[in-house]
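Here subunit A shows up in two complexes: once beside subunit B, once beside subunit C.
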Partner chain A sequence: MPRIVRTQYEYEGRMREQITVVEEDDLPRWGREAKLAVVGRPHPRVDGHLRVTGAARYTADVYLPGMLYCKIVRSPHARARVLSIDASRALALPGVRLVLTPDDFPEGGPVPPPLSRDVRFQGEEVAAVVAEDEETASDAAALVEVEYEVLPPLLSWEKALESSEPVATARGNVHEGDPQVKERGDPERGFAEADLVLEETYTTQTELHNALEPHGAVAWWDGDRLHVWESTQSVSGVRRSLAKAYGLPEEDVRVVCEFMGGGFGAKFGPYRYTHLAVFAARRLGRPVRLVLDRHEENLATGNRPATVQTLKIGAKRDGTLTALELTAVSLWGAGGQGGTVAGPAQVQYACPNLRTTEYGVYVNAGPASAFRAPGYPEGSFALESALDELAHRLGLDPIEVRRKNFPKERPDGRPWSQNSFLEAYEVGARAFGWDRRGPAPDPREIARRREAGELAVVRGLGMAAGMWGSAGWPPAYAWVQVHADGTATVTSGTQDIGTGTKTALALVAAEELGLPVAAVHMRLGDTDMAPFGTGSGGSGTTSSMAPAVRAAAADARRQLAELLAGYFEVRPEEIRIREGRVHLAEGARPSVAVPAGGVALAELLRDVGPINVVGKGGRAPTPGDRAAASVAVHFCEAAVDLETGTVRVERYLAVHESGRVINPLTMTSQIQGGILFGLGYALFEERRLDPRHGWVLNANLESYKVATHRDVPRIETILLDRPDDHLNNAAVKGIGEPPVIPVAAAVANAVFHATGLRFRDLPITPAKVLAALREVARR
Partner chain B sequence: MAVGTAERTARPRKVPVTLLVNGEAREVWIEPRRTLLDALRVDLGLTGTKKGCDHGNCGACTVLVDGVPVYSCLELAIAREGQAIETIEGLSRGGGLHPLQKAFVEHDAFQCGYCTPGQIMAAKALIDRNPRPTPEEVRAALVGHLCRCGAYAGIVEAVVAAGLALSGDGGEGRPDA
Partner chain C sequence: MMPYFTYERALRAEEVGPALVASGGRTRVLAGGTELVPLLKDRLVKADHLVDIRGLVDEMGGILVGEGGGLRVGALVTLAELARHPLVRANYRALAQAAEATASPELRNQATLGGNLLQLTRCEYFRSGAPCYLNGGQVCFAAEGRHERHSIYPRGTSVSVNPSDPATALLAADASLEILAPSGATRTVPIAEALKDPDHDDPRFLALGEGELIVAVVLPPGERASAYAKAMERADWSFALASVAVSLAFDGEGRVADARVVLGGVAGTPRREPAVEAALTGRRVDRAAVVRAAQAACQDARPLPGNGYKVELVRGLLRRALSGLASGSEGATGRASAV
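On to the complex of A and B.
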């Protein structure tokens, strides 16, 4: 029976509460003892053939008959006031249909104005043109004459904290005016009790998502109904927002994203471009397409904000932490929102005394957004580097220090549903050969031998750990329809953004239905005729959706069993379906004989004609009495070239526990991809901003460096398959974000072990390595 | 999107161009500035070839011209008239997957799949001339093809495996890195 509950869950390091409808299920959980036939075995992607043949249609591939093209006019200035807009030359160009300006969008309306008069970052939207083709739209955008009053941008966080003049947003320069402070125990006493107190400042850079498919939308008004193709991580979320903005019933809004070229946190929406396309499509009565280009992607579609973190750690001689204090400033750009940088410090270790102070600071730069584990790679870089420093100063093994401070419960007092850190440390250390790791060298000795020409490359080993709460949440619903040809269709208003959701859910449905995976069709990424599905964020797609799909499949299986029981004149409990074949329980006395190998379901139903078996399922709430932890323990071997300063990661080992493994093939891909994101963050990705004008200097994929084929180390992954059956019926947690979290610290710790030099500023570029070597040589 | 944002009151005249795509002659009427990428996607409806950057940085738009991989976003369509253009859609004609496509699926050589057509076309050019590349040769040939999901390891495995399958080698004597 569906019922309304108030439920709490952790989302990207923050607790959320909501009232929602859940459907309880009484399924036996897929705990450690469950024997599963399909789930847990590697399976290639069920939509793989579409992705390798070019048949998969992404949002950027949607071209509709009669479609128009929209192009945004963006401010070249980081801070300015629009004085006037002259569209006459643009409108005179043949093929131009419309020019939109801020006047078209009154303040205070239900639609958030997608064009600005007050420009607060370079690339902010000030006007838009709509034309018959993309080239004409682009020409016309260049002909829109915007007169600006250029103002000096606010770019430094120090000045943002000092200034009371609201510059970077109308609300002020600090998020909510004050820092977020969290405290437990008595930090001052904790530091007084410590044998060693370390205090260091760590800085991290702004990272850009650069999903290969740009952001974009195609909008079409079909009478009263609105159709929007959007490259989004949440078709159901976009539908809800659009319905609200345009005063439509949700049923009159259809949002489609069948294939998605990567999002990484920056593609929820609807965004300003979506509203421009929807608005123009209504005004002109034709479909309108607005797909951003790579330059726009790098200016205005979100980022992982830069941070400045001062971390103070107190510890006993044996490594036991006595106090932690973190002050973090996160540069959220103009009105953006970043993640919880203090998350790792708050929950990863059992430290009785803690104070974290987080400032979200607004400056005149591109707004921050969610980015694959928002806040955690930033916070983990500081925390996990500091623990390494602490271990070194105390003469202890870095793993020993982590074991010593293993949190038996989440610091808010809730016990873990399970926490596999200790096992992961042990398994990882053994597989990596951690015991061969000797002490770090004296950096002066490295510098001396380098100058003497005796040393060209040095190598070191490092490790770091990370955790993430990702147990999933309601609401998440699915329908499972069984057809007379023995196949089934899973339908939900969720989406596969490239992570393998369709495949994982197909395995879950096949397992529960007793059908081969090939007999399961997946219909995701289209809100029409689909129940609400979760957004793909917080590593929560599988952990939210798999339990719902399983419940829906079980419902369909029960209906099917009743149908077949009537045919055989047995009880429904006596019907067994395995690999698409119907068997009867031992002792059943059917009116129609069943051969030893069973009967194919398709064969049985062939002559029956259409059937109407539709199961529905919803996700039960995640129990609030236990805390969830997906854990990651990473090991890195890095080589540092002392001539060029280049850091090369040569070998990498990742141990992960995320509950039950559904598809080890795609899960391994997720981990590998996460590690590459982390390596880019550690070594070369950085948005460079002109310090005076606030211009992005590398808004392209040539000078903004992402990992290439040449940057891939040997990566080994160890999946600890440990069903976490307290959390949901499929005993699963998330894996999308955990592999990114510890990477930068693991690399920095390996570089320290190679050189004796500690890098507290990301990315660790050759220039920084060479400068550090030169400096130590002078000492 | 194509080059050129100069002010003009008249649209540049469209010209007829015959493109030889996947073995078929197709006539399109396009502005001279239209890129090969846009001609394929917009005028011919061949959206398997992807636009990632439009600057020759990401490799998602790679097609083969007379067997040579090119970034189609950096080519003008009119300049390739009459040359043999092969796109991802041409690889699996007749229904069956090309060994490269099969290997990409088996080795999970992609996540979102947006870069995949470009990776596969570049890989095809490689194994057409060197059916048994080493992993290092694969990396060298594909280094201009970005995969933001980070499926590189699977891509290299898949290309090596497809080369072996095409040259009739069941996996014996698989070259090492």
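On to the complex of A and C.
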């Protein structure tokens, strides 16, 4: 029975509370004892062939009859005031239908104005052109003459903290005016009790998402009904926002995202480009398409903000932590929002005394957004590097230090539903050969032998750990319809953003229905005639949706069993469906004989005719009395080329526990993808800004460097398949974000072990390695 | 998005130059297009008309043995062809290695040698359309801004470095360019003379007259051992942070009779390093000589505040390239794996 509850859940390191409609089910949990036939076995992606053959239709593949093309005019200045816009030359170009300026969007309207007069970062939207084809639109955009009053940008966080003039946002330069402070115990006393206190500053760079598929939308008004194709992590969320903005009933807004090439946190929407397309489509009465290019992607669609973190850490001689103090500044750009940098320091280890102070600082640069584990890779880089350093200084093994500070419960007092860190350390250390790791060398010796031509490459081993608290949330609903041909369709207003959601949920439905996976059709990514599905964020898609799909499939199975019971004249409990074939329980006495191998469901239903079996299911609340922990323990072997300063990761091992493994193949690919991300973050990726003008210098994939195939080592993954049955009926937790969290620290720790040099500034580039080598050689 | 232009295939090389001159700069030559097309898209180069020269293989294609030895490499030869050609690999190993270390496999299949030598600066200010000196403005933003990848021998008003890997190796090989003028006359110029810094009037790294085409690159004969070493932050598909090309001739006793040592990615042109050459000449290439020669490099460099690491880097690359050529090692006979 659906009911309204007030429920709490963890989302990207922050607790959220909401009132929502949940549905309880009485299904036995898929706990450790559950014997499952489909779930847990490797299954290739159900839509893999469509993706690799080009048959999959992404947003940029949507071409509607009569469609127009929109191109945005963006500010070349990081801070400026638009004095005037002259569109006459653009409008004179044949094929141009409309030029939009800030005047078209009065302040205070229902839609936040998608064009700005006050420019606060380079790439901010100031005008838009709509034309008959893409080329004309882009030529016309270049003809729009914007007169700017160029103002000096605010780019440094120090100045942002000092200055009271609101420069980077109208509200001021510091998020909420003050830092977020969290405290427990007595940090001062904790440091006083420590045998060793380390205090260091760590800096991390701005990272750009660069999802393979760019942002984009196609909008079409069919009378008063709005259709929007959008590359989004939340079709239901976009529908809700658009309905609100345009004063429409949600039923009159259809949002579609059939296939997606990644979002990584930057694609929730609707965004400014969506509103421009929707607005222009209404004004012109024709469909309008607006798909961003790579350059725009890298200027104005979000980022992982740069941080400056000072971490002070106190410990006893045996490695027991006595106090942690973190002061973190995140550069959120112009009005963006970053994640919880202090998350790892707050929860990963048992430390009685803690103070974290977090500033979200606004500067005149592209706004930050969610980005795969917002805040955590940044925070983890500082924390996990510091623990490594602590271990080294105390002469202890880094794993020993982590074991010693294993938190028996979450610091808010809630017990873990389960926490597999200790097992993961042990399994990982054994598989990696951690015990072969000797002490780190003296860097002066390394530098000397380098210059003497005796030593060119050194290797080292490092490890780091990360955790993430996600077990999904309500609301999340699904329908499962069984067809007379023996197949079934799963429908939900959620989406597969490229992670394999369709595949995972197909496995769940197949398991519960007793059908082969191939007999399950997935209908995700379309809000029309679909129940609400969750957004794909916070590593919560599978753990939110799988329980709902399972409940809906169970409902459908019950209905089916009742139908079939009538056919055989047995009790519904006596019906068994396995791999698409109907069997009867032992001792059943049917009126129609069933052969030993059962009867194919499809065959049976063919004689019955049309059926109307539709199961529905919703997600129960996540119990608030337990804390979820997806854990990651990573090991890395890195080679440092002393002649060139380049770091190559040669071997990588990742141990993960995220509850029950639904599909080891897609889970492994999530982990590999996360590590790839992390390697780029550790070694190559960095949005570079001109320090005076605030221009993005590398808004392209030529000089914004992501890891290439040749940068990726052999990655071994160990999946600890440990159903976590306190949290939801499928016993699953999240895996999307955990794999990226510890990578940078694991690499930095391996580099330290190779060279004796500690790098506290990401990315670890050849320039920094060579500078450090020269520095020690001089000492 | 690509601006509008018309397109034509050239049928004879002699007709191209006059057409270029007549257009007053609005017609451009298209070879592999890996450089020109992005520049057009980014509106950094403007053209109304493109003349595709890829069909001119008779005049500008192929790798042929020259008169009196040596090789004549057509300007249309792709970097992939150059990297795998057996004679290039055997006798001009540094060049093969440089070609192989260029860009990515996809780009090497498409990119021509001529186009490579005529690519413009990779300076991010220039490429992102900033109103800089090379984009027709009056300022070099890199000097005051971000210049990690820029020159440590700043000269004039731009601090760009020549980004070409092949150019560095070609200078070490003492190559010449065969150039066809619009008049139909052909001249051959040592690459050392053709290389120049980009400037306000001509952002290219080669001194070519209006309407001139590179027809071929000529490699002189001679038995030399050579090696190319390139540093990038990632393993592939990146321009050099710095590179070195070394070409040595040995005497009968395994001593260096002649050395050509060229640094890439550190200045507006690939740069010969006479101090290193002197440190090697007359010696056997052993560890002590390698260390001493490397230390002699970049003594006169004047790095900008953000790129001093390049001095260290060049010395490291020299140690690497020279160790591969150490007397008695396989490299010294011209056979060894790429660096």
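Quick note on the criterion: the second predicted complex is superposed on the first by the 779 of 779 C-alpha atoms of A that agree within 3 Å, B and C clash if a C-alpha of one lies under 4 Å from a C-alpha of the other, contacts with A are read in each partner's own complex, and residues count from 1 in each chain.
Following the convention adopted for this analysis, a contact is a pair of C-beta atoms (placed from the backbone, for glycine too) under 8 Å apart; a residue touches a chain by one contact, two chains touch by 3 or more.
Bear in mind that the values here come from a model prediction, so they are computed numbers and not experimental data.
> Looking at A:Val111 after the superposition, I want to know if it touches subunit B, subunit C, both of them or none. Which is it: first, second, both, neither?
Touch partners of A:Val111: none, neither subunit B nor subunit C.
> Examine A:Leu697 and indicate which partner it touches, taking first as subunit B and second as subunit C; both and neither are also allowed.
Once the two structures are laid over each other on A, A:Leu697 reaches subunit C alone.
> If you stack the two complexes on chain A, which partner ends up touching A:Asp61: first (subunit B), second (subunit C), both, or neither?
first
> By the touch definition at the top of the document, which applies to A:Leu683: first (subunit B), second (subunit C), both, or neither?
So A:Leu683 only meets subunit C here.
> Contacts for A:Ala452 in the overlay, against subunit B (first) and subunit C (second): which applies, first, second, both or neither?
It touches subunit C, and subunit B stays clear.
> Applying the touch criterion given at the start, work out whether A:Asp293 contacts subunit B, subunit C, both or neither, answering first, second, both or neither.
both
> In the overlaid three-chain picture, which partner chain does A:Glu135 touch, first (subunit B) or second (subunit C), both, or neither?
After superposing on A, A:Glu135 lies in contact with both subunit B and subunit C.
> Looking at the overlay, what does A:Ala707 touch: subunit B (first), subunit C (second), both, or neither?
A:Ala707 contacts both subunit B and subunit C.
> With the two complexes superposed on chain A, say which partner A:Leu642 touches: subunit B (first), subunit C (second), both, or neither.
After superposition on chain A, A:Leu642 lies in contact with subunit C alone.
> Between subunit B and subunit C, which one contacts more residues of subunit A in the superposed model?
B
> Please identify the positions on subunit A that touch both subunit B and subunit C, taking each partner from its own complex.
134-135, 138-139, 142, 293, 700, 702, 707-710
> Over in the complex, which subunit A residues touch subunit B? Could you list them?
Within the complex, subunit A touches subunit B at residues 44-45, 48-49, 51-58, 60-61, 63, 89, 92-95, 133-136, 138-139, 141-143, 210-214, 259-262, 264, 293-294, 497-500, 665-666, 668-670, 672-677, 700-702, 706-710, 712, 715.
> Per the contact definition, I'd like the list of subunit B residues that touch subunit A in the complex.
Of all residues in subunit B, those touching subunit A are 1-2, 4-11, 31, 33-34, 38, 41-42, 45-55, 57-58, 60, 87-89, 91-92, 97, 100-101, 104-106, 108, 110-117, 120, 138-139, 142-143, 145-156.
> How about subunit A: which of its residues touch subunit C in the complex?
71, 76, 134-135, 137-139, 142, 293, 450-454, 456, 642-646, 648, 683-684, 688-693, 695-700, 702-703, 705, 707-711, 765-768, 770-771, 773-774
> Across the complex, what residues on subunit C touch subunit A?
Residues 1-4, 43, 104, 122, 124-125, 127-130, 141, 144-146, 148, 231-238, 241, 287, 290-291, 294-295, 307-309, 312-313, 316-317, 319-320, 323.
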